[in-house]
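The letters A, B, C and D name the chains in turn, as written, and every chain counts its residues from 1.
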Amino acid sequence: MEILGIFGIFVLVPLIGSVIAYLFRKYAVAVAAIFAAVPSIALYPFYDTNVSRIINIGVKLNLTLDPTTWFFMLMLDTLAFSALLFAIPYIKKAQGNFATLILVALAGANGVLMARDFLSLYIFWEMMSWATYLLILRKSGEYARRYLLFGVLSAYFIIMGIGIVYYYTGSFLYSATTGIPMSGWFWILLFLVLGFGVKMAVVPLHVWAPYAYCAEQPFVAFLSGGLSKLGTFGILMAMYSIAGISILQGFGTFRGVSLFGYPFALLGAITAFIGTVLAIFQDDLRKLLAYSSIGQLGYVMVGLGLGTSLALGGAIFHAFNHAFFKSLLFLGAGAVIYRTGKYKISEMGGLGYKMPFTFLFVLFAIFALAGIPITSGFISKWMLYEAAIAKKFVFIAPLMLIASVGAFLYCFRILYGVFLGQLSEEHKDVKEAPAPMLAAMFILMLPLVIFSIVPGWILGWISKILVSMGLKPLEYSTFAYYSPIGNANMLIMWIAFMLLFMVSMIIFMMKKARVVDQLDNYLAGEAPTQVQLHAAHNFYKPLKDTWAPVLKYSINRAYEKFSQFFVEGFKEIRKMYTENPQDYAAYMGIAFLIFVLVGWWLL
Amino acid sequence: MKAIEIFKELGIEYEEMKVKGNSTPRYRAKVEPDKLEEIIKKFKTQGFKHFVALSCVDWIKEGNMELIYHLFSYDTLEDVFLSIYLPRDEPKYKTLRHLFPQIETYEREVHEMFGVEFEGNDRLGEFILEDWNDMPPMRKDFDTVKYVKEKYESVPLVEGRGDKQ
Amino acid sequence: MSIVNILIQSTLVALYLFLAICIGLLFMGIARKVTARIQNRVGPPIYQNFIDVGKLLAKKTNIKHNWIFDFAPLFALAGVLLALAYLPMGGYKMLSGTGDLILLLYIIAIPALGFALGSGASANPNAGVGVMRALTLMLSYEMPFLLVLLALMIFYNTASLSTLLEKQMSFAWGIVALPISALAADIALQGMMMEKPFDIPIAPHEIASGPLVEFGGKYLGMLMLYSAGSVVLETTLFVDLFLGGGVVLNPATYGVVAYVVNYLVWFALIFVVWMIAVFINAVFPRFRIEQAFKFYWKWPTVIAAIGLAQAYIMSVFLGVIP
Amino acid sequence: MTDNPNPLPSIIPEKDWKKIQRMLSKRSLWMIHFCTGCGAMEMPPTMTSRYDMERFGIIPMATPRQADLLLVTGYVAVKTLKRIVRVYEQMQDPKYVISFGSCPINGGLYWDSYNTIKRLDKYIPVDLYIAGCMPRPEAIMDAFLKLMKDIDEGRADGWLRYRKYYDKYRANQMRVFKRWDE
C-alpha cells in the first residue's frame, strides 16, 4: 500500500500510463483517457482528509493532500480526462506522442499541487513545462520557442525566490519559513508571484499565450483551462500559505488590503480590460479565445491581490469556473475546426444549424463567461465585484465592470460569426461533432449548471480553503450567498425565471409558425444570390476605427523592438572578430595591460 | 483649338447646325468607319475631352444604322457629332472603349436596343432588359402594339375577382 | 413563509408585472402622441400600441427560420419580466430583497443576449449589422452608467435595492445627494432606451430596422411587449436609484393606502423621466455609431467620473454615512 | 401554401373572434410602400402634418415581414414586378394591396410600352385601385378609409384569393417573367 499512497495514485499512475499508452499506437489516446480517469475518480475518497507522505528518492519530497490541493486537483483531473476523451477522434497523427506528453504534464501538475517543499515543486514544475513545450512543438516551432522563452523566464523567477528562501532558512520546506526579515519576504514574494504570473499570462508577460493557444485544441483546452490554474495555485500558496496573511499585512495595509497585494490587483484589473479589448477585434477564433482567457485570468488576479476572504473566495471560484467554461469553449472551437478545418470566424457561419449540440454547449459556456445568472459564472464575478465595491476601490471596480460588458461583445462575435448568420455552400453537409467530443463537452458543462442552482456546495469547499489559510469563512447558505453590502439567492431566481419562461411560452404557443429557408430573406426584394451575405467579416469595424489610436501600441511589437535592440547590439560586438591575427594580438595586449593596472590599484 | 480648324486640318467636310435657343456652336460630320478612331483621338488631344454620348439611329428605308459619337470641348465650348453608317442587316463595328471608359456602357445599351455588334467589348450580354428573348426593341421593324397585345393582353384574368364592389 | 403567503405574494407580483407591461404600452402610445403633436400632427390614439400588439399576436401566418430563431421572443419577454420582478415598483419590494443591483445588471443582459441570438439566427445581414451596432452602443452607454452605479453603491454603501430605498427615505434622495451622477445617468438612459439620437441599432432607413428585420406576427408582438417592459424597466431603474422609488408614505405606518399612494407617485415620476426622453427623441436626428461611442466615452463619462469622485470624497473623507 | 391550422381558444365563438381580429387589423395597418413609379411623391404629404395617416394607425414599416399593407405607387415594369411579387409573398397574412394611379389599372401612359405590365391585378390580388395620374393625398386618405371599411366588412380578401388561386396567379406571373423558385 506504500506505493499506492497519494504520490502513487496522482503522480506514478499517470507516468506509468504515459509509457503504456505509447505502446498502443493508434488507441494511445483512449488508453491515456483511462489512465487520466484513475486520479480523477480516486480523488473523491480523499475529500476532507489531510494526508501527507514523504517520498525519499535520494532527495526528500514531502507531498500533502489538503482541501486546497483537493479543490485544484478536482479541476485539473476532470479537465485532463475530458480533454483526452475529446482528443480520441481529434488527434489523427502521432497519437502515442500526444498521449504520453499529456499524461506527463498531468503528472507534473498533480505533483506541483501536492508539493509542500520547493525542491519537489520545482521538479514537477519543470516536468509540466517541458511536456507543454513539446506539445506546442507538435504544432509549430516558432510558437513553442515563444512559450519556452517565457517558461524559462518563469523558472528563473521561481528559482530566485527559492534561492532567497534557502539563503535565509537553509531548508526547502514551505513550513520552515520563520525568521525571514520583511525585506527578504518582499523579494521572495515578488519573484514567486511573477514566476507563477507568467503561467497565468498577466499583461506584461502574456505575449506567449495567443501563440501557445494555437496548438491542437484538446491540449489547448487542458493548457488554458487547467495548467494556467497552476499559476493561480502557486500565487495562492506563495501569498497566503507560505507567507501567510500576517506577513502580507506587515507590508502596511490600505483599507484592510495589504500594500503588496494591491498593485497586483490593479495589474489584474488592467489585464482584464486589455485582454477583453484585444479579444473583441480578433478574427482568428483561437486568438480571440486566448485573449479572452487572459482577460478572465485578470479577474482571478484581482481577487488574489485584494486578499479579503470574499475576494479570495471569488478568485478561487472564478478560477474554477474559468477552468470549465474556457476549456468548454476551446473544445467547442476544436469541434468546429475538426469539422470545417477553418480557423477564421468570418469564413465560418451558420454552423449552429448543422451542429446543434456543439452550439448549445458553446452557448452555455458563453453564458458562463459573460456571467449570466443562470450559470455559476455569475456568482464568482458577483463576489469579486462585491469585494472591490465594499472596499470602495474606485480604479479596480470600473475596469472590471467595463471589461465584463466588453466580454458580451466578443461573446456575440463568436456566436454570430461561427454558429449563426448564413450557412455557406461548402458547409452544407457539415455533420455534428462525433460522440466522444460531445461527451467530453457535457462533462465540462455539468458543474456550471449544478453550482448555479446549488452554490452552497462549492462555497463550502472554498470556505474550507480560506479557513485553512487563516481567513474568515464565507457567509453562504445552500442556495444564497451574502456579502457586507448585498446578497443574492439563486433558487428564487431560477424559480422566477422558469415561471416567467412558461408565461412567455404560453403566449408563444398560441399560433404555429411556418419554417422558411435561410435564403427567403428580406434583401430589399432582391433575389437570393450566391454571394455570401454573412456579415461577420471585420465585425466591430466602427469600434476598431474609434480605438485605432490606442490600438497602435501593442505589447507584442514592444517585445519585438526590444529584442531587435539586442540583435543590433550583438551585431556590433560581432564586428570585433575581424579574422586577422594582428587585431587579436592587439586585444590581448590591451587586456593584459588592464589586468596589470587593476591588480596594482587593488593592492 | 477651334473645331473648324480641326476639320480643315483633317480635311473632313462638316456642317454647322443652327438650333433655336441653343447658342453653343454645333458641328456635324459624316466620317468613314475605319478613320473614326484617328479622328476622335485627334479631337481628344485638341481639347474635346468630354465624351457626351454614343447614340444610334435606325434608317430603315436607307437600310443602314447611324452611330453618332458626340464630343464636347470645355476650352472652346463647342459640340461635335461624328457619325458613321453601318449596313442595317448585320451592323458590326469595333469597340472604342479604350479611348473613353464610358463608351463601354453606351455600346452595351446600343447592342441591347439595336443589335449592333461591337467586337472587343466582352460585356455585351443582358444589360437593362431581364429575360428578354425577342428582337432588339428599339429597331423600327419591332411592332410594340402587336407585342403588347400578344404578351400582356393575352394573360387571363384570375376569376374570383372581388367584382362585388 | 406559509403557502398562503407565497400565493398572495406571487399574485401581487403577477399583478405588478402585468400592470408594468400595460403602463409600458401606454407610455409608447403617449410618446407617439407627443411626438405627433410636436410635429404639428394629430397623432394616433394613446391606446394605439395595445391595438398594434393585438393585431400582431392575431396574425394568421408566422414566419420562422430555425429553432434558434425562437430564442428571441422567449428570452426577451421572460428576461424583461424577470428584471422587472427584481425592481421595487412604488415601494413594493418584490424580489429585490433576495437579489441586488449587480444581479439585476446581469439579468438585464439576458433579454439583450437572447434577442441578439434570435436575430442572428435569421441569417439576414441587416440583422447582423444591427446587433453589432446594439452591442457597440451598449459598450458605450455602459461606461458612464457603471460609474454612476459605482458612485451610488459607494455613497450609500449598499448594493441591494431594497436597503437603497430605505436609505434614500431616511437620508436623502439620490438626486439630492449625487446630482452630477443623476445627470450622467439620464444621458446614459437615453442610450439604454434606444431613443433617438441613439436608435442606431433599429434604424429603419439604413438597415431596415436592424435586428427586427425578419420578425413579424407573434414574434414582433412579443418583442413589442419586451420593448414596453424595458421602457418601464429603465425608467423605474432611474427612479429607484435617484428619486427614492416613489416611496412617500411609510408602508409600516399606513399599510395598503401607502402602497397605493406610493404606486401613484412612482407612476408620476417614471412618466416625468419618460417625457424627458421622449422630448429629446422627438427633435434629434440619429447619430452614427462612431459618434455615439465617442460621445458617450467623452462627456457623460467625465460627468459620471466627477460624480464618482464626489461620492468617494463624501463617503470616505467627509465621513457622510447615510 | 397549406392552410394554417389555428389553435384559437374556443371560449370566444369563431365569428366574434374573426370580428375582433378584423377590427384590430383595420385600426393598425402597417404599410410598406414599393416606390416604383411617380406615386411615391404623394406619400410624404399623406404622412406629415396636413393629412397625417398615423391618425388611423397607419405607419410606414421597413420590412414586408412587419407590414400588412403593400402600396404599389405607379407603373410596374416587368423587372419591378418580379421584386413586387417577392415582397408580397414575404408579407404575412392577412395582407392587403392598394395600387396608385392609372398605370397599374390599364397601363395608363405606358399602354403600348414593351416592358410594363398593363393590369397589376392579373399578377397579385389588388384590394383597391386609386385612379388618377397621380392621385392627390385626399384621394389616398379616402382610399385608406375605404380599405378600412372593406376590411371591417370582410370584403378585402385579396390574400385569401391569392391562396385559393395561387397556381393561376403563378401561371400568369411565369408568362411575363422568370420566377426565382421556378
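Here is the rule we go by: contacts are C-beta pairs under 8 Å (C-beta built on N, C-alpha and C of every residue); 3 or more make two chains touch, one makes a residue touch a chain.
Everything quoted here is computed from the prediction, not taken from an experiment.
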(message) B-D versus C-D: which interface comes out with more C-beta contact pairs?
(response) C-D
(request) Could you name the chain whose Cα mean is nearest to the mean of all protein Cα atoms here? (result) C
(request) Return the distance between the CA-based centres of chain B and chain D, expressed in whole Å. (result) 40
(request) Provide the C-alpha centroid distance between chain A and chain B, rounded to the nearest whole angstrom. (result) 71
(message) From the mean C-alpha coordinate of chain B to that of chain C, what's the distance rounded to whole Å?
(response) 63
(message) Could you work out how far the Cα centre of chain C sits from that of chain D, in whole Å?
(response) 37
(request) For chain B, write out the residues touching at least two other chains, lowest number first. (result) none
(request) Two or more other chains in contact with one residue: find those residues in chain D. (result) 1, 4, 6, 63, 65, 82, 90
(message) If I count partner chains per residue in chain A, which residues reach a count of at least 2?
(response) 510-512, 514, 522
(message) With touch defined as at the top, which chains are paired up in contact here?
(response) A-C, A-D, B-D, C-D
(message) Taking the touch rule as given, give the residues of chain D at its contact with chain A in the complex, in rising order.
(response) 1, 4-8, 34, 63-65, 82-84, 86-87, 90, 180
(request) Write out the stretch or stretches of chain C touching chain A in their complex. (result) 57, 59, 61-68, 70, 73-74, 77-78, 81-82, 85, 95, 98-103, 106-107, 109-110, 112-113, 116-117, 120-126, 128-129, 131-133, 135-136, 138-139, 142-143, 146-147, 149-150, 153-154, 157-160, 208, 213-214, 217-219, 222, 225, 288-290, 293-294, 308-309, 312, 315-316
(request) Would you mind writing out the residues of chain D in touch with chain C in their complex? (result) 1, 4, 6, 20-21, 24-25, 27-28, 30, 48-49, 52, 54-57, 60-63, 65-66, 68, 90, 92-94
(request) Enumerate the contact residues on chain D facing chain B in the complex. (result) 78-79, 82, 107, 111-115, 117-119, 121-122, 125, 127, 155, 157-158, 161, 164-165, 168-169, 172, 175-178
(message) Considering only the defined contacts, which chain A positions touch chain D in the complex?
(response) 510-512, 514, 520, 522, 525-528
